[in-house]
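These notes are about the structure you will find just below.
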Amino acid sequence: MPTSCSSRTSTALSPDLSVRPASSPCQTEGEVVAIAQAGAGIFWLELALSLLPMSPMAGQFAMVGFKDTQDPLLNRPLSIASFEAGSTGCRVGFLVAIRGKGTRRLAEARQGHKLRVIIPMGQSFLRHVGPDQRRIIAVAGGVGVAPMVLLGRQIKQVSPEADFLLLYGAKTKAELAKRHLGLTDGLYVATEDGSEGFKGRVTELVEAERALLLQAGGSAKVFACGPLPMLYALNKLAERHRFDLVVSFEGPMGCGMGFCLGCAMENREGMYVKLCQKGPVMDAKEVDWERLTRSDELRGAGCDFKPA
Amino acid sequence: MPTSCSSRTSTALSPDLSVRPASSPCQTEGEVVAIAQAGAGIFWLELALSLLPMSPMAGQFAMVGFKDTQDPLLNRPLSIASFEAGSTGCRVGFLVAIRGKGTRRLAEARQGHKLRVIIPMGQSFLRHVGPDQRRIIAVAGGVGVAPMVLLGRQIKQVSPEADFLLLYGAKTKAELAKRHLGLTDGLYVATEDGSEGFKGRVTELVEAERALLLQAGGSAKVFACGPLPMLYALNKLAERHRFDLVVSFEGPMGCGMGFCLGCAMENREGMYVKLCQKGPVMDAKEVDWERLTRSDELRGAGCDFKPA
Amino acid sequence: MTSNRLEVTFLGKTIKNPIVAASGCYGYGLEQPELLPPEAFGAITLKGLSATPKRGNPPPRIAETPCGMLNSIGLENVGIEAFAKNTWPHLRGLGVPIIANFFGDDETEFQKAAQMLSDLEGLFAMELNLSCPNKPQWGRILASDPKVASRLVRLIKPLCRYPLIVKLSPNVASISEVAKACEDSGADALSLINTLLGMAIDVDAKSSRLGTRFGGLSGPSIYPIALRMVSEVSRAVRIPIVGMGGVSSPEDAIGMMLAGASLVGVGTLLLVNPFGVEEIKQGMLAYLDRHGLEKVACLQGRL
Amino acid sequence: MTSNRLEVTFLGKTIKNPIVAASGCYGYGLEQPELLPPEAFGAITLKGLSATPKRGNPPPRIAETPCGMLNSIGLENVGIEAFAKNTWPHLRGLGVPIIANFFGDDETEFQKAAQMLSDLEGLFAMELNLSCPNKPQWGRILASDPKVASRLVRLIKPLCRYPLIVKLSPNVASISEVAKACEDSGADALSLINTLLGMAIDVDAKSSRLGTRFGGLSGPSIYPIALRMVSEVSRAVRIPIVGMGGVSSPEDAIGMMLAGASLVGVGTLLLVNPFGVEEIKQGMLAYLDRHGLEKVACLQGRL
């Protein structure tokens, strides 16, 4: 059984940040216990941790890196998709899309391979959920579904009354990682080529299924994660249809720990905030959407989107 | 079945080198088909090549490197310990001692892992064997036994009449990689702690078994590979007892291909020669032993030997 | 007790181990008190501070490179006033020697920052950053010209209540020339190296992978350059050196000390492997044992 | 035929692809005619030659570093006379443009080498190496001072029968200053970068991992520095540039051209992955297709 991360009381406030980190991460070793294809270009990665971290909350992420090489050097941020702690140890699961050097090497890891893991980091979706929340609508594009897997499991603990719907879009059926969602009810799928579910983008599906938002007394909250163009379009919808939108950003990060200021993102007041501590989950109202997309600042997200 | 390396006729001589490379290496991919512990700190590595190279001759080496990272950057020279080409493909085997970053990562490779292989390189022991050779005595220290494995198999093809004896030393029994030698007859083992065979260094074993050298009409040839102190001591014996000694050096290399001049080693005439092309197998008489050991020039070989 | 085997003396003070957080890679020291406690370090260098707050550069600010990374943070900071009010009170009490890294956009701002930091109680030292490669405001990297560096050190040294460490740039033809100029102008110690000016291109977008055209290269890839510079400078000057640049293992840290460093800075390592600080300290102790040495201080300049 | 999509013009000549073997990493071009045939390259730069043979430095001459390597070969070579007699006849007939890299231990030797190379028939160009970090004889790296570089170029240019490429050093505060000085002094083209001066220590032996104290750093680790310098120099001069330093992938090579290089040199790559030359050429063609471009020459300076 893994030993628990030492927890010491600290009165110090994160100096230039009003948000206290949601939790204290710990650094540990993660041994690959399962790795499997989850869809075209997407795989499921499950690690057994040798330390027991604080329990992660949906929307939080881990920094995952290689111990046996310095190329790639930096740890990669990955949303926590599952977490189980038992008497025999603890396991964390990720859904990973192969994008570049780091994720490609991750995909080639075999059982027994040991990775560096710093976990859990950042703000969670859960702090945006009240106990009286009746409906949570998660909107996910591509591998942005990863945090929603954990959200689907945790939401019942936080708001037992809430129903949870997942609107999940991908380019094609092959790219859907449905097997790992742990969901059957309340799943609405969109594919751009119509090979499964609604034909079109997931934002179009949101528009089409707008009725879902209006039920449950109008108190539905939309949580979203996916490519920047999707989030941008969703925000437009939120403004038009006046629903609450909370988004998670996958912008590039250096350390994920608040040390380097490498994850700066401009907020509505024109101030740079650290996405790794203030985010990745943020209220859409705090975001300066026009600047974000105009200035191409989240180019790291692989976004070639130019707003019209 | 792998395609064969294209072979074109070339009249060009290696410009600053009198020795024409024994063979034209080709670059190919090697997939790990077997990897197993062979002794304490030593493992057996077997690769299936996707191209059919020229058949390697004992004493030749391959440059082996990682395709999925640039850290470690350089390929590592490894003596070819086995080679089999059949209709289903071709396999090459290595005995590897874990020394630093590169060999440690190699040891962690799993089946299916793909490596870069340039093979075969350098001069062989075989060009020092006449068809009339009656006795070959191989003296190996530690992982220096690797080329002797192939030598034991190939010697019969070249000199069918010759008998082949292997004098093989290691610190302890645990460090002997006996299972992979493919030899039962003619094996003489020495361990420094006496845990198997003769108690002492392999050079002391040579001294003790000097009679072996004198049989077969005095035409016995000694082929040796191992740490520099061992080779140095063996050369002293060769001078004293007047036997022919041919040694293989494991000095540090950059490219192994003759491009970089990184493997320079001074010969008897005080000239730098490229160990990767003129060696690694060299007639002991061509070597400037005093300079070699005095100047610490093969420090890369992990040698902390200071001659008395 | 093994722990005082790592003790070193630096600028007249006993430091409990030679590992120093490099500026900009450990924030203001309070970001992760549990993951990487400030007490792990012999001393902590803070993210660069200036008299007035600075916004820094537009994102993206980080691009990975082979065994390294580029950053174009651009010295974003809250300004010394806000720092003094909100952060310093929390930091002071920790008992870890604090080095305040500082800069200005022009000479007056440099002077102002030096004065403001001198007003703080309880700093260990001040580190003058003349070597940031992300300051177009400077026209050039100040520490790339011995005359410019010398002029600034002379200007600022008299304003400093605490020992002055000058941080040098590797983007020079002869770093020992600059080092000597700084020593002659009154620097109490030197720290080197800052990042190397570099660039990364997104070939598909045909643009820089950073929000700026260039950035500063750090991490393991620059270690051989840093080590050489520390070795060179340690033979050229008599003031002590904080050696840094790519240190990521016990061997790297030991190498820095053998080459002449009194303290060893770690920057990029902290972004990647916070536990590396502990690994380095343990590895140093193991090395001392292996070589029959009493104290890590024995290593210094032994090459 | 796709192959002429890789054609570029350099110094008035059509070169069949922009990939050039960097000096010292492909020997004299004849070492591995089957593994990596000379015809793979647009042009080949030979290992540095001098008027008289040079022994080079004592081993070890190579030390690996994170994503890079140090070398201290020290310009070992057979001398131009032996080269002309034994090697040149074999090389000439290949039809691949040959660039002869050369140097001397002093000014007279530099001049002598330039004259001797000018006596050869059929060279494509001469590359003046002012930037080797392994020449203690020089006192300093010649290309680290614009005045010294300029003086040598002026001295040597009149002796050259073939176009003169000057090879620059990254060990400078401002490489564009040196570049401009060389252009003004008559250089026909520039190549950059040579290696960065670095060091590696064997901490257990407490000594350099090379036979010399310092060596030259090359390989992927230096790519970001090389790219920045090519970008800087290409804006500062009008003569063409051979961009090199750490190129190891199609993207790296394309990046070099976007930053302003006309040709792309590969050095350390050849020591590691000879097949990389083919990978780069194929990757360039794929990139042209993806971006709807006709010729690789379109990329140049498009950043």
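For this structure, a couple of remarks:
For clarity, chains are labelled A, B, C and D in written order, and residue numbers in each chain start from 1.
Here is the rule we go by: contacts are C-beta pairs under 8 Å (C-beta built on N, C-alpha and C of every residue); 3 or more make two chains touch, one makes a residue touch a chain.
No experiment lies behind these values; they were computed from the predicted model shown.
Seen from the Cα centre of chain C, the chain whose own Cα centre is farthest off is B.
One simple way to say how far apart two chains are is to compare their mean CA positions; for chain A and chain B this gives 52 Å. Note: centroid distance chain C to chain D, computed from Cα atoms, is 34 Å. For this pair, chain B with chain C, the centres built from the Cα atoms lie 47 Å apart. Counting partner chains per residue, chain C has residues 66-68, 219-220, 248 touching two or more of them. The residues of chain A that reach two or more other chains are 70-72, listed in rising order. If the chains shown are joined wherever they touch, the resulting network links each chain directly to all the rest. Chain D meets chain C in the complex at residues 65-68, 70, 140-141, 144-145, 171-174, 196-201, 203-204, 206-208, 213-214, 217, 219-225, 227-228, 231, 246, 248, 251, 254-255, 258-259, 287, 290-291, 302-303.
By the touch criterion stated above, chain D contacts chain A in their complex at residues 66-67, 220.
On the chain D side of its complex with chain B, the touching residues are 24-28, 30-37, 47, 55-56, 58-62, 64, 66-69, 71, 73, 76, 78, 82-83, 86-87, 90, 202, 205, 211, 219-220, 248, 268, 270-275.
By the touch criterion stated above, chain B contacts chain D in their complex at residues 5-8, 10-16, 24-27, 65, 70-75, 116, 118, 251-255, 257-265, 272, 277, 295, 297-300, 304. Those residues of chain B whose C-beta lies close enough to touch chain C in the complex are 70-71.
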